[in-house]
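In what follows, a structure is listed as structure tokens, so that the remarks can point back to it.
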Amino acid sequence: MQTSLLKGIVPPVITPLKSRDELDVGGLEKVIEHLLSGGVHGVFALGTTGEFASLSEEMKRDVVTHVCREIKGRVTVLVGITHTSPADSLKLARYAADQGAHALVLSTPYYFALSQVELLEYFEKMVPQLPLPVYLYNIPACTKVSIEIDTARRALELPNVVGFKDSSGNMGYFQQLLQLQNESNAWSLLMGPEELVGEAVLMGAQGGVCGGANLFPRLFVNLYEAAERGDVAEVKRLQQVVMNLASTLYRTGSYGSSFVKSLKCAMSLLGLCEDAMAGPFEKFDGEHRQRVAKVLDELDINLIRATSGPV
Amino acid sequence: MQTSLLKGIVPPVITPLKSRDELDVGGLEKVIEHLLSGGVHGVFALGTTGEFASLSEEMKRDVVTHVCREIKGRVTVLVGITHTSPADSLKLARYAADQGAHALVLSTPYYFALSQVELLEYFEKMVPQLPLPVYLYNIPACTKVSIEIDTARRALELPNVVGFKDSSGNMGYFQQLLQLQNESNAWSLLMGPEELVGEAVLMGAQGGVCGGANLFPRLFVNLYEAAERGDVAEVKRLQQVVMNLASTLYRTGSYGSSFVKSLKCAMSLLGLCEDAMAGPFEKFDGEHRQRVAKVLDELDINLIRATSGPV
Amino acid sequence: MQTSLLKGIVPPVITPLKSRDELDVGGLEKVIEHLLSGGVHGVFALGTTGEFASLSEEMKRDVVTHVCREIKGRVTVLVGITHTSPADSLKLARYAADQGAHALVLSTPYYFALSQVELLEYFEKMVPQLPLPVYLYNIPACTKVSIEIDTARRALELPNVVGFKDSSGNMGYFQQLLQLQNESNAWSLLMGPEELVGEAVLMGAQGGVCGGANLFPRLFVNLYEAAERGDVAEVKRLQQVVMNLASTLYRTGSYGSSFVKSLKCAMSLLGLCEDAMAGPFEKFDGEHRQRVAKVLDELDINLIRATSGPV
Amino acid sequence: MQTSLLKGIVPPVITPLKSRDELDVGGLEKVIEHLLSGGVHGVFALGTTGEFASLSEEMKRDVVTHVCREIKGRVTVLVGITHTSPADSLKLARYAADQGAHALVLSTPYYFALSQVELLEYFEKMVPQLPLPVYLYNIPACTKVSIEIDTARRALELPNVVGFKDSSGNMGYFQQLLQLQNESNAWSLLMGPEELVGEAVLMGAQGGVCGGANLFPRLFVNLYEAAERGDVAEVKRLQQVVMNLASTLYRTGSYGSSFVKSLKCAMSLLGLCEDAMAGPFEKFDGEHRQRVAKVLDELDINLIRATSGPV
């Protein structure tokens, strides 16, 4: 499964919850089938969109168990093990390996700010202890610490590191990562923000970890495939649909947390799962939920067009 | 114990470790006796200086157990329960209450950035579930989120909130907190950065949570008492000793983590405990350890003078 | 005039304007007499509160001319020459010297971000070309660039540098500046934010550059004198009046610019001068002006008490 | 000239100087001929790469005079009028109109931080006073203030606003600007950072304001044209050359200012002009100049390939 380079759309799976302390197992299974029927190339459990940091250690293990069980090897399963505690990070990594996950995703510890020297030491110490191949993950908006390009270069040379996910939104930095790849083509470069997946793949990236693909997997698979074959016109057409999601659905509510809240709310409205949040956020109710419902109604036509194109 | 307002020096106790996964129980006991013999007015377990975020959930419980057992009610025990997962935060809070801690310290979740509205909702939801009185804790350099003054005002009105610790280093903000206190004198305002404890208490604050008090508890107790009685000359004299620590001891190494590394290294050199780090950082070895030893030697005279004053 | 160390309250004089392009000369004269009758120890023309960056080069020279003419050597006149263009900065410096100013105030260029090495080079190159003694000025919120402590140490050793004004609000940094002073007592350390002048002088600083002293010079002179003689109780009493200004007057409107807008509006209401802004901001009108008037009314009693104290 | 939409490569012309206070007029003329022979579609005088903020007001007028005189209407001339002083900004705008410039470029004032409401008011007040069509310019790394998308939307509706240059490097934001354009195609969207011009034009932007085009105009014209016709393979080939510039030439020295210093140094080495800096920076000398010379030698082959391609 991990012998070849990961390519394509790898949604960061949302964590369906009945309540803060109860996983919606049935909902998680439905979501996974929804993703697979949309053609995704892998799934990423316990990512930022999966609210990993807000889940208890016990709940994280539950998520891993059920994702691995439901996927049954049909696509690559990545599991996020980012943590402020190296001990708990390793514990989760071992659990993921035991459950049959294929790879791990590791970002920087996010309470204390590490210097770049300390960050490289951290990767050098952690990676050899990990039982599965590792994707590095850059998301400075949440972790405060950016994996600077010289640190990335050296960390990507560690045996067992097989990829890099960049959610910085800093495209100049991403272009530098692409240039690193030209030097050594042995790892997979994945774009985080879904608004940038089209151009990232056009410019040479291997794929995207798109939160919105939880809701509309086929849209992002089509976008990826259009970009991968260099079909600029189709990329631009689908990009408008993607931007429309950002400017309508995700703008419900007015905080940074709107993205995950909207996504879970929309998936609940589509009957896929329940949408309780793990905290510290609360799910959309009342007016906000109605607004998401309205946006979903209006989006449909565009998305049907997107997915019934010549792909 | 919590019936009256907490005042004085409440060190954020370091977490002595034999290795990343093993608590130095004997060291922790010695450290606590060292603090008590220095006259501290309380202890704060699992603070930032205690590397709370880097410890496994299991290790955190171990620390709570042993701190409470060793203190035996001689001074107030505060336990930090700040976490990105509300579920694990609550779990630890209950454990601390069971072990006999007196109060909890709660900062903002530190992975997702909360808006001020969401932050207030978080406090409003969490505080009533907590089994002990609560100190709010502002440390935006680590959490990314500042408890803005209007949020602080409303959160401080919640029943069960008995204090506020500010580690922002933003003295204009701290002055606003002092003004809030003038309106309602029912809670305790504590300064985080040890360089600012003197002036904070001069201006009306109740005390300080000084990391350096792990090493030199009497120095900070003297500083607090001088400030509390308005002895400006003595405050200025002791302040120079405190600043000297910052410009010598804590500047060993060159990163943000130097503070905790230096502190643990110095305490190990003094025979108080072992100084393994919980990660992601590594303890000082070789050259850095020698430098700390040298600084300690040179500091002694000043500190003896400080502690043999008329206090 | 500059043979001894500058001490006390040195207000950053507002720039009274009839319109964006016309100086209110009569207003400026009245403001200066108001300041002198309040006992200030110097004046600082073309500071941040004086909207220096928003004035045309021609208007800046006008301000210098009229301030120097009105002061007639009664107190020290400092002139701000901070600029992004070294050539225009020098031109203004020479003009100020010709008009009889006593010293210059120089911060970092504020468009391009300088590294600390470049910043030190900039000071080393500029200072020797300047015709008057120089105060360095740290205001990173406006300039983006902080004068880090090691840069400050070396720049303060340049011949002709006679002082340092810190508007960072970072009190840990200010304590480091105080420690630099202990090493070499040949320069004057002034606090920017008026909320911190009391404690800064208590801890050893020489004075403050308080914007609010435009409006209530006696209040800040009293605060300075109380702090200078170590009268902690009086400092705390006056500090409450100062904080009250910040939480009422300066909170009119809701942006960072509220401070200067409120100050000018209040001084216009008191009949001291006109309050047009130099741009890009607009002066308070209508509802906001009425709110300032109301706040002024309510402040009076407190401020009379403040100024009729035992000073 | 301005009746149709500006498209293509519009270099932000460097300001060749013999010394801080003397324009290298002959050098400026040579640079302009070099740009025109490279096929550029316009020139932008007094941009960030032109060190506008570091030039005296007099020098700025000199630059405008000579650029307009040399261009003689062959391509569109844009003149930057960004300033912290609205009065001096307008003065320069009128001068540019008198000299025959075609359009103005206006960013946010960069000393005081404006709120978005104040920023929109600023544009609403300034734009109608300007004698030429206006391009808005977003460069928060220098100005501290981002033109947020809702502010951009409304400012772009002002009569006389004909375009928008984004140098934020934030590609998610740029995608939102592209979406604004889909709503109203009457203005030109230009990318600032040269590393992002290829993908920006692929995704629908009209062109780029590439600093590196001062040195290699044909390279960027070819990149623009490849992107404009959707030739993804050629864009990727040229992108590698562009990235190579960033990772070799611009990395000489180690500060943010390396870009302009390297560029001017390289152009001086090619015999185009002298490379004095306007300050606060110093030009490259000695070792750094030799390093640039070496990089230039090694670049040649790649750049010859780039410009002799099938374009």
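Of note:
Order of writing sets the chain letters: A, B, C and D. Residues in each chain are counted from 1.
The rule is short, and it goes like this: a contact is a pair of C-beta atoms (placed from the backbone, for glycine too) under 8 Å apart; a residue touches a chain by one contact, two chains touch by 3 or more.
Heads up on the chains, UniProt names are A, B, C, D = Dihydrodipicolinate synthase family protein.
Everything numeric in this text was worked out from a predicted model, so none of it was measured.
Annotation of chain B and chain C: not jointly contacted by any chain, touch as defined at the top.
Identification of common neighbours of chain C and chain D yields an empty set.
Over half of the residue numbers found at the chain A and chain D interface occur in both copies, marking it as a same-residue contact.
Chain A and chain D, compared by their mean Cα positions, are separated by 36 Å. In whole angstrom, the spacing between the mean C-alpha positions of chain A and chain C is 50. Shared interface positions of chain A, i.e. residues touching 2 or more other chains, are not present.
Listed by chain label, the pairs that touch are A-B, A-D, B-C, C-D. Residues of chain A touching chain B in their complex: 20-21, 48, 53-57, 59, 84-88, 91, 108-115, 117-118, 121-122, 125, 141-144, 254-257, 278-282. The touching residues of chain C, when paired with chain B in their complex, are 169-172, 175-176, 178-179, 182, 193, 195-196, 198-199, 202-204, 230, 232-233, 235-236, 239-240, 243-244, 246-247.
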